[in-house]
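Step one of this worksheet: look at the structure below.
Think of it as A, B and C in the order they're written, each chain with its own count starting at 1.
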């Protein structure tokens, strides 16, 4: 894989404090040519599941060779491992807490290591901020050509969080809400591909809480203001939204809740 | 015009989700040397007017040849066009919904095209996220030297939103609130130049709602805490502010409301 | 000192408006190769003390030669000076209002100048936005090799804000809250070094408001949810936190409040 100088950051640090800036300083101290791109820093604190989903939705839009750093790390200072993973197209550096679960459904792992070589860390390691002390410097060293084998010993097991997949029968799909975005839109785990393969030209009803939706819009502009609608989002999954409204609040749903589609 | 590698982004996507990061990944996949600068992503969702004003206030501080991308795009997926415009000093890439209205009051258009050549888009075009699928890749291709003529056919009409200009008589200026910033300051469409040309050394009263202001401060530091003041903002227009307060909330005004100045 | 092209920004401008984007445009117009890094823009408006503390906590993670720009500037347009300071490792550009107070406890000044040479400013200087008109262009010129002596006359006095240092006796440390982060954690001015030097193996009680803490955790993961805990933060000072809670709100404390440690 060709290396790039591109390092992305996905964290729950927010941008009000200096944590993200400090990570960038550490990276540039090791590789002044690094090109650091923020994916987002506003994941809900310690929400590994949301981080895993968002990282998996964003990473593949970057050039092959990009180094993706994820830091949602409630276990910092505990025994959880820090890892680096090389897939066929990308590098990932993260705590070993499931943050790469969705990514690794899509990417084939070529190498994965437990980050144990302190030569590639900051000289002092705190128990509270491995983003600065471990993940940022390791990513910077990878961008300069350090191989994964230098960073620590190979591992074969990577921590996983439970990944919900839809249940499918001849006439039904039962999926779940994977993620709620800042507009209150409900992103489900039902892909357009799965939907079409079960639908086979039939009519359908989408059940969300006590509400029903009978069509899927192609674009928001096809619906009227206040309308509850289904749409295949830009990330390819079924999304439930209210035009200019907040579906999550209106329907009082939360991540993990079921979305059922019945075909007839 | 010399090209630069600088691409700016002005959107209403927020920074909580991954939309902006994804656009940057798309740009860097096409031009790894692009230098991407955020102007702001926190424009109120779908507020084309605010976006148009802010873009027009920021763009000219960038080096000539900069490519400015604006995505406030309530009509995404509808028939609205996507356009690229070359002026004497800059490039602009945006939906054709009026977002360039204020810019084009100031910049002379050399070329404008309807973006129709899919060669410069992502391979798949969604109906919900043209920032990723069209605007980001087109900007990246322009930064690599692709000419506007390659991107689509020339157009001569560009969508405009209504632009308010002050009414002026011998003894009065009646202007409007163009924009309210996050501190609640009221930015009007009354330029310092216009003000001085009508004033001609006379006294004046500024009327805002049921309040009156009789002097214009040179700097915030000239006023006292809680004082309602007029000031020529850093962008050259009359601004109504409350020192350490929120003028919009206190006066209960909104964008479009009138501001009258009487000279005597 | 070797120069870098790295310029950091620490301001209270927020990211909702275009101020930060405009500063970046000005910098790139002067030095297209500048690498601009945001430390934070979300310091409470006009809170020079918080800015001073955060800048002093972040700056040293950047490569030597980095140019740090700080703009928390309630006195813009008044007689306060604008200054540039060269220390043994870094450059700083800021209003002369105490914003560099904490930095200059740690860094040895080699040169400090009053920014008076308009050759290195924008052609027009507003009374409301020196971030754009003075600080950004001066930083960009420094990054291109302009010496401090060209920027203005040497000064020997730099404005200071009061810096609280802990009071220490044989059996007590009385410190203060320096900063409250966005999670409500209380960052004190009691360093781990000071704590250990007074403790000398004894037991201790930390008094915060009417609450007592009898141990210091090594990592958040050592405490239970809702627990009030002491921890040495990633920046080396004692921090009082509530695991998954907001210590500042729960304890009803504010910056400057006392934190007492009694050893026995």
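Annotations for the structure displayed:
Assume contacts are C-beta pairs under 8 Å (C-beta built on N, C-alpha and C of every residue); 3 or more make two chains touch, one makes a residue touch a chain.
Just so it is clear, the structure is predicted and the values come from calculations on it, not from any experiment.
In terms of which chains touch, the assembly is arranged so that all chains touch all other chains. Of all residue numbers that take part in the contact between chain A and chain C, under half occur on both sides, making this a different-residue interface.
Bringing chain B onto chain C by least-squares fit of CA atoms involves turning it by 120°, to the nearest 5. Remark: chain A and chain C have CA centroids separated by 32 Å (rounded to whole angstrom).
The multi-chain contact residues of chain C, meaning those touching 2 or more other chains, are 15. Contact residues on chain B toward chain C in their complex (touch as defined above): 4, 6, 8, 10, 15, 35, 37-42, 54, 57-58, 61-63, 66, 181-183, 218-222, 231, 233-234, 244. Remark: chain C residues 14-18, 20-22, 24-26, 28-29, 32, 36, 45-46, 74-78, 126-129, 132-133 touch chain B in the complex.
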